[in-house]
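First the structure, then my questions, so here it is.
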Amino acid sequence: MTAPELVEYIQSHYDGELTEAEAPLAHDCWVGVPREDVQKMAQFIVDEWGPVHLSTITGNDRGGHIDVIYHFVADGVSLNLRVGVDKAIDEIDTITPVVPAAIMYEREITDMFGVIIVGHPDPRRLVLPEDWPEGDYPLRKDDTGDEEGEENNG
Amino acid sequence: MARKFGIAAMAMELMESLLVRKPATVMYPVERLTPPERFRGKMVYDPSDCSLCGLCQRDCPADVIKVVRKRIEREDGTKETVGHVEFEMDRCIFCGQCAYSCHQGSITFSTEFELAQADRKDFMMREEPEQVNDEECDLDEDVVP
Amino acid sequence: MAKLSFPIGPQHPALKEPENLRFSVDGELVVDADIRIGYVHRSIERSCSERNFVQDVYLCERVCGICSNAHTQAFCLAVEQIAEFEIPERAQWIRMLMHEFERIHSHLLWLGVAGHEVGFESLFMYVWRDREVIQDILEMVSGNRGHYAMTILGGVRYDITDEMATKIREGVDFLRGRAEYYADIATSEQTFLDRVEGVGGLSTELAHELGACGPVQRASNVAYDVRRAFPYLQYEKVDFPIRTSELCDVLGRTLVRVQEVIDACDIITQCLDMMPEGDINARFPRRVPEGEATVRVEAQRGELIYYVRSNGTDVPERVKIRTPTLANLPASLEMLIGGQIADIPIAFASIDPCFSCTDRMVVLDDVNSGDTETMTWPELVKLSRNR
Amino acid sequence: MQVLTPLFHVFVFPGFLFLVAFGLFASWVDRKLIAKMQNRVGPPITQPFADLIKLLAKEDIIPEHANRAMFAVAPLIAFAGVIASAIYVPMWSFTAVNSFAGDLIVVIYLLTLPAFALFLGGWYSTNPFATIGATRVLSQLFGYEVPFFLACLGPAVAANSWSITDITFAQSDGTWLIVAAPLSFAVAMIALIGKLERVPFDIPQAKTEIVTGPEVEYTGRRLAVWKLTFMTETIVGSALIAALFLGGPHFWGIPFDAMAPWLAGVVGMIVLAVKILLIVFFLSLTQAALARIRIEQMVQWCLVWLGIPALLNLGIIIFTTSQAGV
Amino acid sequence: MLNGLVKWARGKSPWVCHLNCGSCNGCDIEIIAALMPRFDLERLGVLLEGTPRHADVLMATGPVTRQIRDRVVRVYDQVPDPKFVVAVGTCGVSGAPFYPGYNVLGGVDAAIPVDMYVPGCPARPDAIAYGVLRLLATLDPDAQALVEEIEANHDTEGLIYTPEQMAAQREGTEATLGESPARNNDAAEA
């Protein structure tokens, strides 16, 4: 199954709204889904291609909103599921019931970007040391206390 | 049973190494290994044809180089750039990018690797080119040299 | 004996790197294992998005001292994929050479450390003595024993001249012979076998489920190799088998790694034969057009994933690194539980942990001294198993 | 004046100074052999001496909530045990400094003292690694101690006496007891590895698992005493095995009775030293060739592969001596 | 005379304990490679000890991250006097490429006092051996003699990217960067 076939398959079979679906390379395809039905899409992927291997979840501060990208390997094709989370809402629901390995990567998203994962079984701090000041998200481009994170080790 | 005699294979290697083989050791302080000629050791900066363009400063991943450049007006009206370069060599990670980016070839790497110092101030280097060759090279050109 | 919980603290001879393994032990039997790392988290992702692409190559290289070339390969491939930049073919072959050189160096290093963990000092000494051969080749070719700075954006920095090629062939043949010798030492040396056979078992389903990757997965009979699944550089033109073994234990991993050293030697000789003439690097634009890319590379420990996103300037907007050791961690804890204290170092070392990679990104939280009921890693593993 | 010679014997010849010097030399020989076998150069001859002096001059730390008295005295007990046992082993010529009917039992007991002291030291240093190391010392003790005792019984029964001097004397006519008790000799050698905690059985001091086990909290002078204990124990243990199985100072070509007593003593000592170094060579070879096995494997292996041959050989000797009606 | 002997003994048997304060383990491997048959520091008396309790020289590698800082200090206190600290690798010396990062506190001297800095990324085993020798030079005279002898004949003539080569590269003539400079040197002289 090459990436373009996978994208057509998703477009035809998936009944939810797709904000983005294209396959720039033979083995790489990007699919976009609105914030609400990330769980629905995850369920769809797992039903179609069995226990899918979730490589990692990337967070990316795009100014207005934060991109949360789930990198799956489905049927030999690298499927990247992009979900835009508006900074005002700052919430996304978890996919751990469907893909348990996501638990670790979701905690990293909360740590680094402050996106609260709804229904996460173990929402503790993951990456940073215990004495890291609350509310300071290092990988966010805007303010949220970046300077003070900077100067205490300047 | 063959697995039982595995010990014998190792024992033979050990005996051979004990009796016959010469130790594979470089007696460091007395015999010193000369590194291959591509080895990146101590950085050597010759200020002769450096134009203080700052390309090296921009590409250095560890912010080792600090280029200070001023254009001053001599009494007889001729303009001249003058300045100096500071190297914090204790930050240098020997990646060779500055030598690769520098257009004038004024930064080179020698193969000398014995650089241990007792305190960090000995690593600082400050060089001042007497006359800066004014062949201006624009800083933000598009292509990695 | 009372249930004793004892930490192998950040500072421990068996662990070349700081991580805190907390074990609760019943006599000599390990009942529960937990891990806390994050002592090596150097905020590389944040620094990557503050430096331009040229500098990031060297930053990504220093994520890990052993698989430094794998990281530069992945980063350069991702950035070149965004810029749709085709690097000259000779450069691709030289990059593959460096990739396989480092595989030999990393696997030989691991074999020596495995001998050290088990108290077999002579194997440690002999394997590391032979490893110096590959270190000399790397130093001759790239100019440094560790972080080679050979792979740069747009190709490769140095060329492989002819007399270097002959030296490489000699060194690789010598190493190939030694690798075979170590393969039958590992299978016949009785005391080494006692410590390695049947230790740190990981069944095939568990390896699949816990997402183990690289030699750990292949030693549990899962034939998955990124060089075959997502071929990059010129790996289609080179033939090499995917080495698996159904032993599912530390001995299986040892054999898979030693056989991979032999395959790497063959790949190197094939690369040297098929390498076309031509220049070795093209001028890479300083500003990378907007775009993003996910690239997978078969590092020595498993599948290494890079996600790079650029916004048109010469500074990347986001660099995400997922290292193979992280994927192998749940599997490693699974191996430790039920084993002996004496097996902890060798079972844990069998996944060839590289915490400077893993920490760069993630800490697995542990149960602090009070036994609170929050989800510890083993519970998560159980959760995923009986899903 | 009567007190001078025993003091000389305790402090100088087969006692403290000689053992320490020979222990340092043997430790150098051991490290040099292992290094040469591993294809490297190895330390200079003054290395063990330098290590010892450096350790003696280092700061001495006692963990505060450890039991100070026991922690401090454990190494001394071990060292005293080893030095005391040297008196009964014939080092000079065929007769030891002092011998009586049951000195073989006393020497074997004194040689187990370091293991017990190591256990006490480890147990009282309240460090989790040391505790686990201490329990391992004891469990390993069961593995090698009983076979070692049975192995030593072989020559005792063959020479029909419990005193080491008589046993060596019985061998002075050229019939080394290794001929009569080959299996016991092998068992004794392997048990010696366990006693000295060298590689195949160095489980209590496993460097990579529990960080040198019981000795983890020791520094400075006490660590020096521990190191010395194990060095001198190598000498005394090898001398004991040489005396019991390899005929002590005896060698065929040398006409001992024709020589002057002091010359016979010197020659005897040199021959014994050579035999001891041969045993040290065997220890180094096993250390370089083998990996460390687990504790339960060790105890299991020892009871099967050491216990049974020792018993077998003992039975054969008893049978032959009773048959021959000696 | 006694402390002469002690000084000699300290110079002759520096037991080493390796401490990783967040290093990428490139330098850690080189420290261990220094003990392997090729460089074999055991002939200088160096032994790798597991616990800081038994060590004299603490080989610290890597930038000190925020989390490991107090553990580094605790390990440093465990080492009995007289103790030395050698910061190995550019990260250990100054925290180099990672230093102004949010989780990195700088070089090893941000946590513990350092006696000798050995730069290099990774520092070659013989560079580490040279660092140890310089550290011991204060203690015993023949290490001092060796250090002076090395200082005397530092070879700096093996340059890379010789000026001629850079000039040729600028005009885009045939000498591409890849050519090994040694050949260029002879070409330049010939």
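Residue numbering begins at 1 within each chain, and the chains themselves are lettered A, B, C, D and E in the order written.
By definition in this document, a contact is a pair of C-beta atoms (placed from the backbone, for glycine too) under 8 Å apart; a residue touches a chain by one contact, two chains touch by 3 or more.
Note that the coordinates shown come from a computational prediction; the quantities given were computed from them, not determined experimentally.
Peer 1: If each step moves to a chain the current one touches, what is the fewest number of steps from chain A to chain B?
Peer 2: The fewest steps needed to get from chain A to chain B is 2.
Peer 1: Going by the touch criterion stated earlier, list every chain that contacts chain A and also contacts chain E.
Peer 2: Chains touching both chain A and chain E: C.
Peer 1: Of all the other chains, whose mean CA position lies farthest from chain D?
Peer 2: A
Peer 1: Using the average of all C-alpha atoms in each chain as its centre, how far is it in Å between chain D and chain E?
Peer 2: That gives a centre separation of 41 Å.
Peer 1: Find the geometric centre of each of chain B and chain E from their Cα atoms only, then give the gap between the two centres in Å, rounded to an integer.
Peer 2: 15
Peer 1: If you average the CA atoms of chain C and of chain E, how far apart do the two points sit, in angstrom?
Peer 2: That pair's centroid distance is 25 Å.
Peer 1: Centroid from C-alpha atoms only, then distance chain B to chain D, rounded to Å. What do you get?
Peer 2: Centre-to-centre distance between chain B and chain D: 55 Å.
Peer 1: For chain D, which residues are shared contacts with two or more other chains?
Peer 2: 35, 37-41, 207-208, 211, 288-290
Peer 1: Using the touch rule from the top of the page, what residues of chain A touch 2 or more other chains?
Peer 2: Counting only residues that touch two or more other chains, chain A contributes 128-129, 138.
Peer 1: Name the residues of chain B that each touch 2 or more other chains.
Peer 2: 7, 10, 14, 23-25, 27, 35, 38-40, 61, 93-96, 100
Peer 1: Given the complex with chain A, which residues does chain C contribute to the contact?
Peer 2: 38, 41, 43, 45-46, 49, 81, 208-209, 211, 229-230, 293-294, 296, 303, 305, 307, 309, 317-318, 320, 322, 326, 361-365, 374-375, 380, 383-384, 387
Peer 1: In the complex formed with chain C, which residues of chain B make contact?
Peer 2: Against chain C, chain B makes touches at 2-7, 9-10, 13-14, 24, 35-36, 38-40, 58-61, 93-97, 100-101, 142-144.
Peer 1: Can you list the residues on chain E that touch chain D in the complex?
Peer 2: 5-6, 8-10, 12-13, 15, 36-37, 40, 42-43, 45, 47, 49-51, 53-54, 56, 80-82
Peer 1: Spell out the residues on chain D that touch chain E in their complex, using ranges where they run on.
Peer 2: Spelled out, the residues of chain D in touch with chain E are 31, 35, 38-44, 46-47, 49-54, 57-61, 207-208, 211-212, 215-220, 223.
Peer 1: In the complex formed with chain C, which residues of chain A make contact?
Peer 2: Listed in rising order, the residues of chain A that touch chain C are 25, 27-28, 51, 53-56, 58, 60-61, 69, 71, 76, 78, 80, 100-101, 103-105, 108, 112, 121-122, 124-129, 138-139.
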